[in-house]
């Protein structure tokens, strides 16, 4: 019987190896697999390449991994000025950054998952972020060639799962999670709840289990929900 | 107030012009906007370029348009040997066919909708369907360059819609419909039912209304449901 | 007289058409939804995956899974939808989002935009800014006319790294509404009490004055709007 | 003795691993699900957008919105999911579907496959065949060993237009199970009662005989399986 559920985050991340390339889902704290990443901090793998929209925050999850000196390179679109751990390592030259426009980042990951060899996007043509890249004029407009991105592992977060690894998301949790699930050799998912097979209807499954290798249900970390004041700049 | 619903298929297809390029959703009869296409037969626009997975059947919907001599060119992956109207016109040389592998067809339409200039796919490299196309070796493997596809109109079918044009699909209705909705200037949808705004939860909307221009609710055509014998070849 | 941040937001809101799909940047643009004219229905997009963004969540009523692109807890209006980043950037790069209103560090007379790389900021971050600038057909800038040090932000040529070339369609500031045309900058409106020469004095690039150039229609006193004199 | 169509399907079914994701072509492959060993869980994919395809719908119980890629009315198993063509071909081209079992017109000794363009058929149709042939890591062919006119289908080189070069991993026929290796064709199993020479006689390309080449383990009599002698 197919059963991708695992008892603990520790077990789910046990095979991560030094030098691994890992995609981390989430947009800020939403849809971010914090407890899997904390288990990875305990597990010890180092010299990692992280692919993520941001750079995490301070000492928790991706920010914690970076703080611990475990990330050699970050591929991201928006390492926030508030990402204190990243900022410190980056300014000391202890961490390499590849900055990628957000839409290009998700599209490169999609290309990796979809078996494509790359694509042309208008985004970035004529800017510093296209320097050194192939430019092609198509129908009178300049496009930048971008290659596929794949990874050894993807750490993602969903709301509910079944034993097949089928996933459903709540509200804005999907962000990078659905696409990252398609592009890594081993895909590990943190969920709020595991339901019986058939507990998710065919239409409400947002990510089919074919992409998923391991699923762990854990209660949300209370530290994660930190309402911010309305109207503040990000 | 945004309200994309229309009273009739006739009204919804009124602006289709001679020479228009039209995407038709559906896979066989499932998710196929038959009554919109029948309204287009009545409307009279001709010299059309049709983009569709198949070529329709006999005298109904796309098969009917072809039978009527209204389609100049078909871009498709699988014009079935049972597509009698297509077969007759094609063998007489009255209709041009561009044959495209199914995955490449949907990906070209996606590229059109997503603002991409094209992509490299492994599919077809070294075969007759890649003749004359750019081949690029990426990471040691041959890939074929394929450009984006867009259209003047897309005719699609969904299960439910609201006044914003948000769509939900049942079962295997999605097929080409979701992607075609992103790639045409004017997107016209046939649905089973229109629900009040808010009647579809955020999570159960499969295609957001931003892509949709016109929605018509019509009862299903009784001719469409024709159970076939199990096990037969297609 | 110059407009407050709210005054600028009010003026932009007046130009967003019924039925438009609009992405709003942080800062001044985030104030726009409260100023939409009564009865006008506009759908707000957030690039992390929302169409139909509603007001900020009331304190205590935040949903931990509902944030906007600025990571503020927001609400979802009836008819809203949620989706992943790939579809969200299909909406942006594919030109389906009809309008975006964003901030800028510099705008050039030819529509070049610089808003992602801040001078002196050593940690770069681009986010969705470039995709928006390349993808949205009606790209509006909402910003103060000059820097906090009084230097013009509307220039002959951008000095900061570009977000995208020739992408800005219209600029809304505390002093003026300026269109970017094939022939350069066209001054369409000035803040109440200002004349075109006063705007030109704070603008590096040359302004042409539109036939019918007039004062902006922004109420002087109005709940939520304060005009600095 | 040669196997019936059901016998071929039975033999293929034995090789589909627990937990595999399998796309089945029309014809012989469509018979495979009924022959899965008890307790083995395999997820069947249909390229029109299903994972977890169940048996054909009982007469009168067809759902008009549930068809497979052959446009037969099928059922959805618990845990099944539905999706659009883009995601379905991400599964195929991205190599996520682990196995496909398809028919063939010709297979060459180097693994070249021809199965989309039928000689004499003037209306071409490719469907998803090429994406499957280029994308699936374990591409199995299930077919009769020779044509209805007795001509070999396993050739030194394909005569028909290729579906994909060097893509087939294993061939299951009514006579044999043959692996395609870097060194050519490797005969692994023969139908009960046949010897390797009898298989070679019906095969254009040269066969190497595997160490341990044996008779296929297919029951001679068994509900649903009829062996032609």
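Note that the chains are named A, B, C and D in the order they appear, and that numbering of residues resets to 1 at the start of each chain.
Assume a contact is a pair of C-beta atoms (placed from the backbone, for glycine too) under 8 Å apart; a residue touches a chain by one contact, two chains touch by 3 or more.
On a predicted model such as this, the values are computed, not experimentally measured, just so you know.
Chemist: Going by the contact rule set out at the top, which chains touch both subunit B and subunit C?
Modeler: A
Chemist: Greatest Cα-centroid separation from subunit A: which chain?
Modeler: D
Chemist: Take the average of all CA coordinates in subunit A, do the same for subunit C, and state the distance between these two points in whole angstrom.
Modeler: 29
Chemist: Please tell me the distance, in whole Å, between the geometric centres of subunit A and subunit D computed from their C-alpha atoms.
Modeler: Whole-Å distance between the two chain centres: 36.
Chemist: As a quick test, compute the distance in whole Å between the mean CA positions of subunit A and subunit B.
Modeler: Distance between chain centres, rounded to whole Å: 33 Å.
Chemist: Among the residues of subunit A, which are close enough to touch at least two other chains?
Modeler: Answer for subunit A, listing residues that touch two or more other chains: 107, 110, 114-116, 121-122, 169-171, 202-203.
Chemist: Tell me, which residues of subunit C touch at least two other chains?
Modeler: Touching at least two other chains: 76, 82-83, 89, 92-93, 135.
Chemist: Quick check of your reading of the touch definition: is the inter-chain graph here a line, ring, star, complete or other?
Modeler: other
Chemist: Judged by the touch rule stated earlier, which pairs of chains are there in contact?
Modeler: A-B, A-C, A-D, B-C, B-D
Chemist: Would you pull the subunit D residues touching subunit A in the complex into a rising list?
Modeler: Interface residues on the subunit D side: 18-19, 21, 39, 41, 43, 45, 50-52, 76, 78-83, 87, 89-97, 135.
Chemist: Quick one: in the complex, what on subunit A touches subunit D?
Modeler: On the subunit A side, the touching residues are 1-2, 110, 112-116, 162-164, 166, 182, 197-198, 200, 202-203, 205, 208-211.
Chemist: Mind pulling up the subunit D residues that touch subunit B in the complex?
Modeler: Against subunit B, subunit D makes touches at 26-27, 30-31, 46-50, 56-57, 59-60, 62-67, 69-73, 76, 82-86, 89, 92-93, 117, 121-131, 134-135, 161-165.
Chemist: Taking the touch rule as given, give the residues of subunit A at its contact with subunit B in the complex, in rising order.
Modeler: By the definition above, subunit A touches subunit B via 107, 111, 114-122, 136, 138-139, 141, 143, 147, 168-171, 202-204, 206.
Chemist: List the residues on subunit B that touch subunit D in their complex, please.
Modeler: 27-31, 53, 77-81, 83, 86-87, 90-91, 97, 99-104, 106-107, 110, 121-129, 159, 169-179, 220, 224-225, 227-228, 230-234
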